[in-house]
Amino acid sequence: MLNSKYEACIQACSNCAIVCETCAASCLREDDVKMMARCIELDRDCADLCALAATLMTRDSTLAKEMCRICAQACRECGEECGKHQMDHCQACAEACRKCAEECEKMAA
Amino acid sequence: MLNSKYEACIQACSNCAIVCETCAASCLREDDVKMMARCIELDRDCADLCALAATLMTRDSTLAKEMCRICAQACRECGEECGKHQMDHCQACAEACRKCAEECEKMAA
Amino acid sequence: MLNSKYEACIQACSNCAIVCETCAASCLREDDVKMMARCIELDRDCADLCALAATLMTRDSTLAKEMCRICAQACRECGEECGKHQMDHCQACAEACRKCAEECEKMAA
Amino acid sequence: MLNSKYEACIQACSNCAIVCETCAASCLREDDVKMMARCIELDRDCADLCALAATLMTRDSTLAKEMCRICAQACRECGEECGKHQMDHCQACAEACRKCAEECEKMAA
């Protein structure tokens, strides 16, 4: 298949997009939303960048590598913020972001 | 052009998507984020549904009408919530949602 | 987690989005692209609808059910077209669409 | 408004996304689809990258500039391919891509 070489990174991005969306939606329902505002901002950007990175790899696009480079930046920033919060959704998101950043950095190399 | 018949609705959806994104991002930077949590949730869904409705009309998709029907629901719900808040970004969003709902309802009829 | 009740459908939609993107990209590289034109059109719509359905379920959106209903229609139409073509990417897509339609129909019920 | 500084670039990206979608859909309905296959591939990537660039600027995201840089690359590549074809949808797309590339390059500078 045309994109089998990207398989691990596509899966990591696809998973990270869902976990970031879950984290944003969960943060919005926390009692202290104010404390989570930056986390929500980063979750949203990270989710959208991961989704598009997965899509461009799936298409074997010439811009897939570039997209993975910026996606890795988003994952690093989002994972760092999520890592500061003790809620399960934030901890799960920090972990998904870390894995996705690693895969994207390999791709972009 | 294949989608000129949808022109007004494509523009309304495209505009509403941007205005909803702006409203969500602005709500996240308000002092009282908690009060805006539901607004942010609805903004996000409405923005994404408007964007896809615009895309499907642009493609002259057989599912464009169905998509406009659900998009109109999102716009009505989001516009009602935004209308409750006095900030400029919420009032602008309420207005964009109202216009977009009307165009989408015409399309879906 | 707020969306664990949708887990199976989120996975089916997320997978179907990727398989549809793969199919569209592969169809575009076939010798006889003309024969695949309708397949590509349906793949694109189905991929985008599946992706948004997965996102709305992930957010536990009030419009998730409605979105799954229209997503099921897209999957049925796309799966039927893909089923006509013998290439591996089309057969894989027909299967992913069938599974996703079933999950979405359960959700929308 | 938080994103008024990006206004011209948001509008250029938002417009380019729609024009690229229109071009891809129109190319898929041409008699000689084979000749348009590369144009369709580039249209799809460019449309999705423009849409996300517009969204990230709308959110005043820290990654908006980076996204505009990659978006400009997509626009240059897509506009060059579209410029080779005489159909109205391709010529309109070449023009929208050129304008969007210029705005994105200013943003990324």
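Note that the chains are named A, B, C and D in the order they appear, and that numbering of residues resets to 1 at the start of each chain.
One rule holds in what follows: contacts are C-beta pairs under 8 Å (C-beta built on N, C-alpha and C of every residue); 3 or more make two chains touch, one makes a residue touch a chain.
Computed from a predicted model, the values in this text were never measured in an experiment.
Of the two chain pairs examined here, C-D and B-D, it is B-D that is joined by more C-beta pairs in contact. The geometric centre of chain B is 22 Å away from that of chain D, both derived from CA atoms.
Taking each chain's centre as the mean of its C-alpha atoms, chain C lies 25 Å from chain D. In chain A, the residues touching two or more other chains are 25, 29, 41, 44, 55, 59. Taken chain by chain, the contacts link every pair, so each chain touches all the others.
By the touch criterion given at the top, residues 41, 44-45, 48-49, 52, 55-56, 59, 61-63, 66-67, 70, 73-74, 77 of chain C touch chain B in their complex. Across the interface of their complex, chain A is touched by residues 1-3, 10, 14, 18, 21-22, 24-26, 29, 47, 51, 54-55, 58-60, 88-89 of chain C.
Within the complex, the chain A residues that touch chain B are 25, 28-29, 31-34, 37, 40-41, 44.
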